Structures are given as structure tokens and as C-alpha cells.
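In order of appearance the chains are A, B and C, and numbering begins at 1 in each one.
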Amino acid sequence: MSTSWPLWEVFVRGKRGLNHVHVGSLHAPDAEMALRNARDVYTRRNEGVSIWVVPAASITASSPDEKDPFFAPSGDKVYRHPTFYAIPEDVPHL
Amino acid sequence: MSFDNAYESLLGHEDAHWAFGTGFSEPLSGVNREFPAGVDRDALAAYCLMLGDDALIFSQRLSEWCSRAPELEEDIALANIALDLLGQARMLLTRAGEVLGKDEDALAYLRDEREFRNVHLAEIDCGPGPGGDFGTTIARLLVFSSWRLALFSRLRGSADPVLAAVAEKGLKELAYHRDHAAQWTVRLGDGTDESHRRMQAGLERVWPFVDELFATHPVEAALTGVAVDPASLRSEVDGVLTAVLSAAGLTRPADTKAARVAGMAGRDGVHTEAMGYLLAEMQHLHRSLPGAVW
Amino acid sequence: MADDLELRFERTVQAEARIEPRDWMPDGYRKTLIRQIAQHAHSEIIGMQPEGNWISRAPSLRRKAILLAKVQDEAGHGLYLYSATETLGADREDLTTKLIEGRQKYSSIFNYPTLTFADVGVIGWLVDGAAICNQVPLCRTSYGPYARAMIRICKEESFHQRQGYELLMTMMRGTQQQRDMVQDSVNRWWWPALMMFGPPDAESTNTEQSMAWRIKRDTNDELRQKFVNMSVPQAEALGVTFPDPDLKWNPERGQYDFGSPDWDEFWQVVKGGGVCNQQRIAHRRKAHEDGAWVREAAAAHAAKQAVSKEGAA
């Protein structure tokens, strides 16, 4: 039995009125744990945030620029990466 | 932001325990801190220490998992829980300190073992040390958070405005902790033979310390309307534990209970041998440099 | 055909546009990125240990909370970075195995021991500060997922640096013993911090190609100089000195001159001979191995649930 958990893509709606946005990925054994982990990792348990988790393997994607056979067998892992959501601008500098 | 003032998280800054404090402001006064009329302040302080020490000592134990969890995601989750409890401890010690004329650090670092009021369940080693493993840790978290959640849901009605506010805020956190523990209990109970065996062993390890959670202490008995009588929580907590264990296919351990020591236990400042080492580690630096500022 | 792809890749990079996961990329680019990002991820994860060493002993509850949250952030950073490698076809489990088998490296700085609580502050100030110098340019690196991960990480790192410096300022206002503790810590971390930028350009093997691919944006020596220029005034404001007799302002260059780190020590630590190399890896290995039964149990439960759901459907 493999001990490594599948990859999930995480989408967060930061507040009402906005779309869910892809924020990154994580590993979890199942959907319920993926949601919990997403709350901990990506939203820091901010209340009122809506989260979707999707098994990375379930995403089908088009890719206009794709010419590389490298990914062909592994399917369409389009959302393979964090497009991290907005970060407060008042970040201090030394 | 959040680390600077023990009460700050009561003010509704949702991202409180994340952003690092940048302004180092004076303690805020947004929380009503008046003492209710007629309440025995020494008893109130003692009660705040009980609940505060439970959180502080358990947080200290949980943070031992940092960099040692089974997976990165779980490392982050356990640290979140430890941070929540540390936040609760800081508020409760600060409240006790308002009566005792001490700050949170004087209470955390300069009391001796006999002055700590936490229950034994909070202090025993349940892993990652030799006293347990992840299963034992989850068993303790399940029992502790189920009990504390029931306690806090009643404490919201406390006549002391700070206790009521701490309970209100803590409720959401504890519900999350309990759910986390329950999710894992089910997965470990059901997962593999090994995980089932370890989870059952974890329950057996913590069960003798369950009874103490429901023993009414004279301080609690004296604070009518302010404190919650833990004896009143028993059936609710039992119900929760039974439901989770049954969903997990685990056996509820026999109700053996650890004997008291000459009639005393954690609430009286009489602890297990593990406590001295825990405090030695936690307090040594603070005590080594008297007069230092941190 | 292959030439077309390569041309398009080169043009994208030259135009400062981002390469995205499913774009064609040269094998060397992919391999270099996986190696670099994995090394960075490993550094975050191993980097939890030296500071984590002080969580249980933090001298105030506020410092305990800050430190725990900071070390937790590092787990998060490691996680984002492992995710970035997974967009390139790598696998976290496999990378972890390579780390604990010593087949992939992490930043050597974490093989130095944390001996006092001042080290927590100095790591925030100098080590995180050096990391920021290294990482800010990577927010514009050519590989999109890596650049995006770095943007988030840099924001958080700047909090880390600030809390480290604030701890040191507080300690410097404290007792003489505390001030001595800070200076001692600076003495131990200054040179290792300078080594974080890697060997001098003349000896650095990967720089040229990485610069052309926009994976790397500045040379080791440029970044090191920048870090020194930035740190000296901060040290003066703090009231500490750096243990370098050659450190002085050069008005002609408009920069600080400074001495050379002990590169023999650097290579010795890189090759596994640091005070903590074995301990750090053993710690990570133990956590990973002790957690195997938990990961396995959760996977087994998920598999059973999936079967019973299928049966019900």
C-alpha cells in the first residue's frame, strides 16, 4: 500500500462576490482532510472563506502551447500550481 | 497585531494569530474587564489559572510535534491547535494576573510545580516522546477538546465578562480541534490493523486521566454563576466520545481511573512526574536571566 | 520541430514572460529547476529545526507564540515549494526520500547549532535577511509557479526578519547579559550568513546557464555585497558589530569592503561535516518514518471509503 497521499488543487473564494481562485495544492488522503488541510494551509482558518478542493488527477485541461510529449501520459494537470491569492500590501520592511 | 496583547484576539481580528506583530502597542482596552459584583476574586483567579494552565501545558505538549508530524499538512494543523490553546492560556493567565498583580509571564514562568492547576491529562507525555505516538496524541486531543468544548459552551454564560468572552472565542477553536481529533480517530481506527491497534492503545493510555476532568473542585463549587461545574459535563462528553469511538470501530476503554494522591490531583497542584521536567524546560531560560526583557 | 519549440521557449524567457507548467521546456531547465526548488523546499523544512529547538524554552508567552507561528510558516513554505516541483513532474515523497538519503542538499546554514535564544533573533535578522536578498529576485524568475510561490514566501519572510530584529532590539535594551548574548550570537552567525550566497562567482558552476534562463537573476557576489551594504547600518542601529576587521566603507566603490568567509569551513559543512548535519537529517528521517503508519492508515481508510461508495452507487 502506498503511503503517499494524492495531490489536491485548492480554490478559495476570499469574500462574497468574488470567484474562487486557484491558490495552490496540497496532499491529503481524502476530500474531507483535503478541505481541513486547505483551511489550515491556505486560508489560515479565516472564517467566511469558501474553499473548493479538487483531485488534481480529475482536472481536464486544454493547453494551446502544449507540444511536449512529456505530459501526455500523465494527463492534464493544468492547475499544477499556486497562483497565490492577494496578500495585504502593508507589509513592513526593515 | 496579535502577539502583543493577550486579549487582542477577543477584538475580532480574524487573522490574529498569523500576522507578526509589527506595532508594539500597549495592551488594548476593548474587552470589558470589570469584576462582577460579589464575586470572590481570589477564587476567580484560581479558576482562571485552572483553565489557563490546562491550555498552556497542553499547548506546550502539542508544540513538541512541530517538525515531527506525519506529514507537512498535519504539522501545520497541530501547530494551529497549539497556537489556539496558547492564545487561550494567555488570556486566562492575564485575567488571573489582574487579581494577583502579576502578568502572564510571571504566572507561566515563575510559579513552581505545586502552584500549577492543570489536569494531569494536559501534562502527560503522549508522544512524540516515548510516552506515546500520533495515535495517543489524537486520543488525548479528542478527550481534551470534547471536554473543553462542552465546558466553554457553558462558560459563555459566565458572570465574569472576560471568561464569557474567552469562552465565546474559544468555542470555535475547540470545535475545530474536536473535529480534527474525531476525523483522525475514525481514520486511524478504521485504517490498518496497525493504526487500529495504536489508536486503541492511545485511548487506553489516556483513559485513566479522564475521570479527573469531571471532578468538582471547591473553587468551582464556590464560584456559582461564574464557573462551570465539570461534573455537569459528563454525560454530554460521554455521548460525544461514544459516538466517535463507535464510528471508528474502537472499543471504549474500561472506566479505570488514576488514584488521587492523598486525595489530591492536578487542580490541587499535585502532578505526575512528567510535570517537573516539562516546567524545567519551559521555565529555565526565563528564570536564568532575572530582570531580562523579552 | 524541436528547434521551433526551443526558439519559442527562448523568446518567452527573453521577453520576461513566464514559462508555465505545460509549456515545452528544455530538459536541463526542468532538471535545474527541480533541483533548485527542491533544495529550497528542503531548506525550509530542515530550517524548522534550529528555531524549533527553542519553542519549548521561549522566555515569554508572546515570544513562544511568535516562534511557533514562524516555524509553522516554514512548514507552509516548504509545502508551497514542493508543490512547485510537482508542477514539473516531481513528487514530494520521492524528494523527501532523496533528502533523508542525503542525495539532495539543503541550505548549509541550518547545520549550525542554535545555542541561545538570541540565535532566534539573529536567524530572523541575518539568515532570513540573506534569504530575502536571495529570494526577492526569484519573484521574477522565469518559471511561473516558482515565481508565484516566492512572492508569497517573501512577504512572510519579511515579517520573520522584522520579528527577529525586534527581538534583538528588545534584548539590547535589556540586561548586559542579554546584550552579550546578542553580540555572541552575531559573531557566530555573520560568516555563515555570508556563505548563504554560495561560493564566489569565479568558482560557481551553475550561475551562467541559470542566469540565461532567468532562473537566477543576480550573481552570488552581487547579492552578497548587497546584503553587507544593507546589514551594516542595521547593526549600527542595533549596537552590535560584525566580526570582520576588514569591514569598512569604500567611498570610491560606494559600497562596503569586507573580508572573505572561511570557504574551507563552508565546503566542510556542505559535505556533511557541520555540527548538526547528521542530527538534522536523522530528525527529518525519524519524523517521516514514524509517520508512515499514519499516512498509510489514512490512505487505507480513503480506499475503503471509495470502495463502499462505489458499492452503494
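Simple rule for what comes next: a residue touches a chain if its C-beta (ideal position, glycine included) is under 8 Å from a C-beta of that chain, and two chains touch if they have at least 3 such contacts.
In this text the structure is predicted, and so the values were computed from the model without any measurement.
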{"item": "Most central chain, Cα average position", "value": "C"}
{"item": "Pair of chains joined by more contacts [C-beta pairs], A-B or A-C", "value": "A-C"}
{"item": "For chain A paired with chain B, centre-to-centre distance based on mean C-alpha positions, whole Å", "value": "33"}
{"item": "Chain centre separation in whole Å, for chain C relative to chain A (CA means)", "value": "23"}
{"item": "Contacts with 2+ other chains: residues of chain C", "value": "76, 79, 159, 162, 292, 295-296, 298-301"}
{"item": "Contacts with 2+ other chains: residues of chain A", "value": "1, 5, 26-27, 29, 33, 41, 92"}
{"item": "Junction residues of chain B, two or more chains touched", "value": "17-19, 22, 71-74, 76, 80, 187, 192"}
{"item": "Touch list for chain C against partner chain A, complex", "value": "5, 8, 20-25, 76, 79-80, 83-84, 86-87, 89, 91-93, 129, 144-145, 148-149, 151-152, 155, 158-159, 161-162, 165, 234, 292, 295-296, 298-303, 305"}
{"item": "List of chain B residues in touch with chain C within their complex", "value": "2-4, 6, 17-22, 24, 56, 60, 63-64, 66-76, 79-80, 82-83, 86-87, 89-90, 93, 104-105, 108-109, 128, 133-135, 186-188, 190-192, 194-195, 198, 281-282, 284-286, 289, 291-294"}
{"item": "Chain C residues within the chain B interface of the complex", "value": "45, 48-49, 52, 55-66, 68-72, 75-76, 78-79, 82, 117, 159-160, 162-163, 166-167, 170-171, 173-175, 177-178, 283-284, 286-287, 290-301, 304"}
{"item": "Complex contact set, residues of chain B against chain A", "value": "14-15, 17-19, 22, 71-74, 76-77, 80, 172, 176, 179-180, 183, 187, 192"}
{"item": "Complex contact set, residues of chain A against chain B", "value": "1, 5, 26-29, 32-33, 36-37, 40-41, 44-47, 88, 92"}
